[in-house]
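Scrolling down, you'll hit the structures one after another.
Here come two complexes built around chain A, the first alongside chain B, the second alongside chain C.
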Partner chain A sequence: MIQQDTKELEERAIFVMREAKTKFKNVAAMWSMGKDSTTMLALARKAFLGKVPFPVIHIDNGIDFPETYAFREELAKKWKLDLIVAKSEIKPELSGFACCGANKTVALKRVMEEHGIDALIVSIRRDEHGIRAKERYMSPRDKEFKWDYKNQPAEIWDDYSSKLDAKGHIRVHPLLDFNEIDIWQYVKKNKVPVNPLYFSRNGLRFRSLGCTHCTVALKSDAKNVDDIIKELESTETEERSGRSQDKEKMYTMEKLRALGYF
Partner chain B sequence: MFEKDIRPIADALWKDQSKQNWEAFGTSLKKSGLKYYRIVFEAGKLEKQDDLRTSYAELYDAKEKLVAKIPIFMTDGANVEGATIYLKGLLNLNR
Partner chain C sequence: MMISRVTLLGHKDHGKSTLIGSLLISTGSVTQERLNDAKKISQQLGRQFEPAYILDSFSEEREGEMTIDITRAQIKYKEHAFEFIDVPGHEELIKNMMSGASYADFALLLVSAKPDEGIRDQTKRHLFLAKMMGIRRIVIAVNKMDTVDYSEARFKEIRKELVAFLTKIGFQKKNLALVPISAYNAQNLIKLEEKMPWYRGEPLLDEIVSLSTKRRADKKGALRVILQGALEGTDMLSGKVIRGTLSAGEGILLPPRESRYTIKEVVVKGRHRKRATAGENLALTLAEPIDFEPRGQVICGLGDDLKATNRVNAILFATKKLGEGTKIKFNGSEISCSVKVDNIIDITSGDTRQGSEIEPLGAGNVTLDLSKVIVAEPFDKLQEMGRFVIYDNGGFAGIGIITS
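The block that comes next holds the complex of A and B.
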């Protein structure tokens, strides 16, 4: 796995978040309590003098891991986060992915409308999934949350799109250039707290965290951040191989994102 | 350490997954001495509402001995919600 200069990645992520905070009225960030979104919050604290200056949203389907809920409460208190918990109903008839897809998007639409949010920081990375590689740092969504990935603005010379459709919003992606191993290098260097489920127990660990029903543990002996970095230097397994929605048809994720999934 | 038997509350949860019963479970869990949980989900993935109803959690003590099984959902009228937040404090055995 290619490792990059975390200082350079940090500077870009901070620049993108500051740009978003300046350009938009009501910025919010998605927080799943995973390594990426927690790293994003750590970066936001660096960008804005030790405080996350926007609300963080957790779309809660009620079947997250208990450790994830405990981590949420602990860090929200420690970092004084303005946490919004949006309950997502489990209605399989809305989507094949009972706890993702349309169910989560419905909850997100509701909370964004309630709070008048016009820019949403999401911690996706290009190396996670083919469809995520098509994203921009600032990516417009229409009022139905739809993403026209075939017609996106170019982002040359750090000129990001901040044009808003009527009632649409912008997705902001400060971690787009990070690789999985860069995240862990950043976690190590900056002592970012992480969900304990990432560490091995009985020869198994979770490499990508979703809810209890879509996340499967993978074989690993990595018991700390150093072990994880060492493991990633030589792994040939995909990061999201333990996540069930990615095992569906290859274009399912593309369809989900085009419809507003994050 | 005072350990409270969680089994009667687990039985009550199988009969009625109301918020009230879940709150009582959450309170008792703290005094139960239980340490681990395992999510058992035989359907593989959620495709219909009933798949959630058939999944459950196994609760284990500090010696990893199975103590009780509980549902992992809460009912509120016709609505079904996940209730894994009430297992907070326990450690995962699925890995």
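The block that comes next holds the complex of A and C.
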């Protein structure tokens, strides 16, 4: 995995977030308390004079890890976040793809409507998945949250041309260029607080965090950020290996994203 | 480490995605897991293993065997790092290709040596666009050499025609390299293939290393800061230093206004600083009040003769016939304009001819009359100050670069 120049990545992320804040009336961000969306908040604090100037949304299905909830409370207080918790319901008969689609996406639609949000910052990265690699920095979603990936808008030089249709919204992707290892480099350099579940306990750690149902820990002795960076330099597995929804069948991610998953 | 970005160029089916896939495999830059996925998908589709599936991730791309939208793939080779930007070759997907190419430092062109493929109009169109977008160096891979029995004559024929075209549209010979390859069979990619003993150059990736370049912000040149807007809830303006260095306490100009302003504070990444340099996003306050919309305004140093104008000459590439409501998007502002075509550029020969309307996927020299003044400079002097995107009521319509 290639470590990039974090300064260049940081400038791009700041530019994209400021551009979103300038162009759209009501920006909000998804915050899963994972390393990526927490890094995004650290970047937002740099872009906007030390504070996060938009609400952050946690889609809470009630089955996240206890450590995740504790981390949410602690950081929301420390960084004075405008936290919106959108409760979603887990239906016991659904799992994997159907579960993510039903509970997360439905809850998000509701909260966006309630708050009149027209642009949503989502901390996806190209190297996570072949489908995410095809994203734009700013990408329109229609009122059903669908991603028209076969007809994405031009995004030439610094011109993000995404237009809002009547009831749609724009997804904003400031971290698109970061690799997994760049996130950890950024966390290290900027002392970004992270969820303790990323660090090894009893020989296991989480590399990518979802809910307790779909996330599997991997074997690892990485006990701190330096260990994680070292581990990632020579990894042969994909970051989301422990996320069952990606693996169920071909093109699951494509379907999820087309349906508005983030 | 610093990564140079390389955009792929070339006609559809000449092997762009296959080449990047092969390079990822040859250099060990793809995880075993993703490689296995691509193998599994080839099997499920009942096809031979196709390296392009590592990049082409949409079901429509794999089933239709074509790239629809851009993607990026990173490769480390001999202490150098490259990000290859894969782009679609289809004419109707040219806005996606332009989106990818606009981020590149240099280019890698694919031309198939197959007798019925070779140099096509779309090959030349991509090269023309690359030149327009500021790319100066091109590595050319003449692909599918296995289908022409590794013929030196075929390679030379393609080389002759391409070099003639490229020099005519303004590329310098020293900034070009040509390598005969087979992307699918990974020949001449990282080691020389014995079936082409007549080839005297280096393998493709070594030629890429030799020609590689990286655009760098110029910290010493005359100051240019493009303002992005006002930071909500504060009294600060946001912007990006495009060239030079801006210092707190410095006197500056905001053309076309004649009065002098003073930079009161400079904040970079949340911290007060003495100065901000090229490439950095900043926030600033002025000592004097302003009574204009900051977005799109340009800061320059005292004594600079940077001017505002409502008429510019430009080269325009249009993806469609320009219709009602033409406007340019320039440094964050949308400005209505009328377009007068001075002449047409034939992008397959580089010649100009008379004409008053640019055909779809064609180019021309134009004069733009704008509904308000802009602060601009020729693209060749400073890219960020001389490039724009063009729209009409029907949406995206092309790009332009300012010549004077």
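We adopt the following convention: the second predicted complex is superposed on the first by the 253 of 262 C-alpha atoms of A that agree within 3 Å, B and C clash if a C-alpha of one lies under 4 Å from a C-alpha of the other, contacts with A are read in each partner's own complex, and residues count from 1 in each chain.
One rule holds for everything that comes next: a contact is a pair of C-beta atoms (placed from the backbone, for glycine too) under 8 Å apart; a residue touches a chain by one contact, two chains touch by 3 or more.
In this text, all values refer to a predicted model and were calculated from it rather than measured experimentally.
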Three-chain arrangement built on chain A, chain B and chain C clash or fit: fit
First (chain B), second (chain C), both or neither touched by A:66: first
Which superposed partner A:213 touches (first chain B, second chain C, both, neither): first
Dominant contact partner of chain A by residue count, chain C or chain B: C
Partner chain in contact with A:45 - chain B first, chain C second, else both or neither: second
Touching partner for A:204 - first (chain B), second (chain C), both, neither: first
Contacts of A:15 with chain B and chain C, given as first, second, both or neither: second
Least C-alpha distance (whole Å) that remains between chain C and chain B when both complexes are overlaid: 22
Shared chain A contacts, counted only where both chain B and chain C touch the same residue: none
Chain A contact footprint on chain C (complex, rising order): 1-3, 31-34, 41, 44, 54-55, 57-60, 68-74, 76, 81, 95-96, 98-99, 102, 228-229, 231-234, 236, 238, 240, 267, 269-270, 279-281, 283, 295, 329, 332, 384, 387, 389, 391, 396, 399
Touching residues on chain A, where the partner in the complex is chain B: 61-67, 69-70, 87, 89-92, 96-99, 197, 200-202, 204-206, 211-214, 217, 244
Of all residues in chain A, those that touch chain C in their complex: 2-5, 8, 10-11, 14-15, 18-19, 21-22, 45-50, 53, 126-127, 129-131, 133-134, 136, 149-150, 152-159, 161, 179, 235-238, 241, 250-251, 254
Residue numbers on chain B that touch chain A, as the complex places them: 37, 39, 41, 44-49, 51-52, 55, 72-74, 79-85, 87-95
